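Letters A, B, C and D mark the chains as written, and numbering starts fresh at 1 in each.
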Amino acid sequence: MANSRYEYVKQYEQDATLLPGCFIVVRVDGKGFTKFSELHGFEKPNDKRALDLMDRCACEVLREFSDVRMGYGVSDEYSFVLAPSTALYGRRTSKIVSVLTSFFTASYVRWWGEHMGADAPLRATPAFDGRAVCYPNAATLRDYLSWRQADCHINNQYNTPYWCLVKSGATPSEAQRTLAGSDAGFKNELLFSRFGINYNELPEQFRKGSVVVRARERFVAKVREDGTAVERERGRVAVLHADIIGDAFWTERPETLAP
Amino acid sequence: MANSRYEYVKQYEQDATLLPGCFIVVRVDGKGFTKFSELHGFEKPNDKRALDLMDRCACEVLREFSDVRMGYGVSDEYSFVLAPSTALYGRRTSKIVSVLTSFFTASYVRWWGEHMGADAPLRATPAFDGRAVCYPNAATLRDYLSWRQADCHINNQYNTPYWCLVKSGATPSEAQRTLAGSDAGFKNELLFSRFGINYNELPEQFRKGSVVVRARERFVAKVREDGTAVERERGRVAVLHADIIGDAFWTERPETLAP
Amino acid sequence: MANSRYEYVKQYEQDATLLPGCFIVVRVDGKGFTKFSELHGFEKPNDKRALDLMDRCACEVLREFSDVRMGYGVSDEYSFVLAPSTALYGRRTSKIVSVLTSFFTASYVRWWGEHMGADAPLRATPAFDGRAVCYPNAATLRDYLSWRQADCHINNQYNTPYWCLVKSGATPSEAQRTLAGSDAGFKNELLFSRFGINYNELPEQFRKGSVVVRARERFVAKVREDGTAVERERGRVAVLHADIIGDAFWTERPETLAP
Amino acid sequence: MANSRYEYVKQYEQDATLLPGCFIVVRVDGKGFTKFSELHGFEKPNDKRALDLMDRCACEVLREFSDVRMGYGVSDEYSFVLAPSTALYGRRTSKIVSVLTSFFTASYVRWWGEHMGADAPLRATPAFDGRAVCYPNAATLRDYLSWRQADCHINNQYNTPYWCLVKSGATPSEAQRTLAGSDAGFKNELLFSRFGINYNELPEQFRKGSVVVRARERFVAKVREDGTAVERERGRVAVLHADIIGDAFWTERPETLAP
């Protein structure tokens, strides 16, 4: 059976590529996670186990794909930054998006039990969508990441009092009305006066999201006969809950924004 | 914290779409599965458990996405056919590719244990790549699927004697030399004379791959007071190992190629 | 001076292609032609010289590019239909769009004097934009062309009484008010009662636009010694002002819609 | 006649856009100009009239499109640089490419007579192809332009002795053999010893190509009653034949590379 007769169909494959010289951001985002999180009884507004699972998956991504420089995650989404110089899969859009999203998803299911615990078995099949976006320089890349972290902050500042109100007996629409149009000061005051919560003392993971980076760490590689230590440096994937809108984070990690 | 300052970065998102009026094929393909299958001791050249797991994931895809008309799978790849009229995710390429690939992957990990058995725990994170291709009419779509099934046939006809030779003591290069340039008749004769295997009696799943379809079936919805049955029809996802190169399969299922 | 050092920039060229197996329509459209037509004193609502010039350019396009099967023009736009099987410029979008638009434009300037006459010298540089669209089958291609011809009809039915009113002293806004929301019957009646014009007797070029086709014509290639004629067939580019919404046009020219 | 029935075909239009924040280069390139230049008796290897015509068209482009920052031309091609911040036509690829190419082409035909003279009437319809490429930063943009100017230099250094040899009686293949693999020194020596030509004294337009820029110039806007002049600055499109590979050109015109 000759296959050549049908092979012409390969011509229909149009492999779009991502512009060289640009940072590539791949963002994965939970599909229908409102329903998925309810089905599995996620704590509202933040479920530490579920966030840790997301962070774990992001760490796995950085360990698997050396061209991924960092990740930033909040709620059920994670953004991964690839180097402008990356030649991963010839910069083909579908390949990069699908493989990263697939690997992230597989990790999510694989490590579910370890993070969610025995009382929360997986009862539905999770899925993530993925997309790739090019940012031509460090300034726009940082603005992208600032956008996601600002979004994390805005959402959390709203969701925290919202769920306090609902848990204390308000209906969803009552809670919405109470918070509608209010500023951060009002929300923080409400949290403190009615629920005894100091917003700024909430875990940084909730307020700032998660940053996954390749940390350089020194370690004792061996000890010489004379008892002195031979130190070496190695890369290690680490999760931070740091501010990435200001300059400090970037000043300490210039390699993240290198060409 | 106003987020509007950073929101301009959304302009960098370029959402390519798939041409309307065309069949869309999404093909997922195992990433590095040669190594993955060795690590998990897959039977060579075909591991029925692993193929059943692939088929199971494809069934899950058809149950989850009503716009997927059928699937065709062989080895570690599966192709899914979407209707020309589908408006799924506004026909955005990345969204369709990533969500289907992600859902397929999650199913693969979720149902691994059920199909692979207790003696083959998951020891690495599987991943699939995905791509979407448009075919403007039924003829090119059928040629695409014929291409995949012909590929299945060609590969299996080679791999079956190859692994017989290797398992009986030949080195990989000796097995390759034995088979190099030979036709189907030679390979079948070798299989039969040396290994007692009649190629045409091997399981159809190995020789033809798997077709996942929505079968229509009649069932007794209720029984009337007078004892007569009320029959209704329902769709049910079914796995076949049928020839899809010839016309018969399509003549029986005209709705699969409808606009 | 070695050039290799800079040649890497070629990687930045991303050549998008048009899906194989689809009809390609390239539509060119005058840029800023309201102003351009005023500057050159085009007769309103239809300037026969200018329309003839457009038709002439379309004929030149068909003569130059054998893969262009037909053209349809109205006002300052023209659509060209390329065969689904065309391999012109490897189906690269920018190449096809730019070359056809450029050649059309060059023809427009080159043949301006011949059609517009000595009293209308070119006083500004005309430009056209161009785009390419894929239509996966004959039905959608015909609907595209019907869309353009219906547009021609609707615009002309409005513009004819509008300009009659304006030429007879109405202000633009008065003319608009008179016609606002009126149906074809009202407009035709107004044309006839106030201006003595029978809409259906207006030139078909105005009412139906222009179709440029490759007509087959028989001609006497030579005369034999016995006085009988040897007839041959040849293709000739011809301009029609025919209805292309109904079936008749297509039934007579099946090759236009061939794969 | 309701048009709505056909309007769905607009969905088939897929408007690709050029990534924001990047320099856009639109390059137009003569189609079949080897034949076109022979037909019109262009002087070999450089026809000053034809090059001046190209430069004229480029000037027209800069005057018409304020978002075009500069142009660089050599032989029958011209590259135009658009600002990273340009919002021209919503950065739609086909629109930008087609309109610029069309306008350039129209200018070429329109001003042909003025530059080519009465003894070289236009005898064929010229056409240009066009393409747009994104460069994410000033460094890659400069490398692109250096690539074109290095190409100009390499081609001219070869073509000059080649045509001297051919004009003095060598066949094309003899001339090719003489020059094959030779370095710049050999070619310059051959030019000088056999034809009395000092390569470095050839016109810069031939050796460096043409750069079209917006020059700032001061002019006397009016004279005050006391006799003193009021000076103002204005932009003026100018043609240079300057080196654009080195830094000097860019240091003097920082606005050209601004974001």
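Definition applied: contacts are C-beta pairs under 8 Å (C-beta built on N, C-alpha and C of every residue); 3 or more make two chains touch, one makes a residue touch a chain.
Just so you know, these numbers come straight off a predicted model, no measurement behind them.
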| item | value |
| --- | --- |
| Result of counting contacting C-beta pairs for B-C and B-D, higher pair | B-C |
| Inter-chain centre distance, chain A versus chain B - centres from mean C-alpha coordinates, in Å | 31 |
| Whole-Å separation of chain centres (CA-atom averages), chain B against chain D | 52 |
| Approximate Å spacing (C-alpha centroids) for the pair chain B, chain C | 46 |
| Per-residue overlap in chain C, given as positions that touch at least 2 other chains | 12, 14, 16, 19-21, 134-135, 140 |
| Overall pattern in which the protein chains touch one another (line/ring/star/complete/other) | complete |
| Of all residues in chain A, those that touch chain C in their complex | 11-12, 14, 16-17, 19-21 |
| Sites on chain C touched by chain B in the complex | 19-22, 84, 134-137, 140 |
| Residues on chain B engaged by chain A in the complex (per definition of touch) | 1-3, 5-10, 12-16, 28, 31, 60, 64, 89, 93-95, 97-99, 101-110, 122, 125-135, 140, 143-144, 146-147, 150-151, 153-154, 184 |
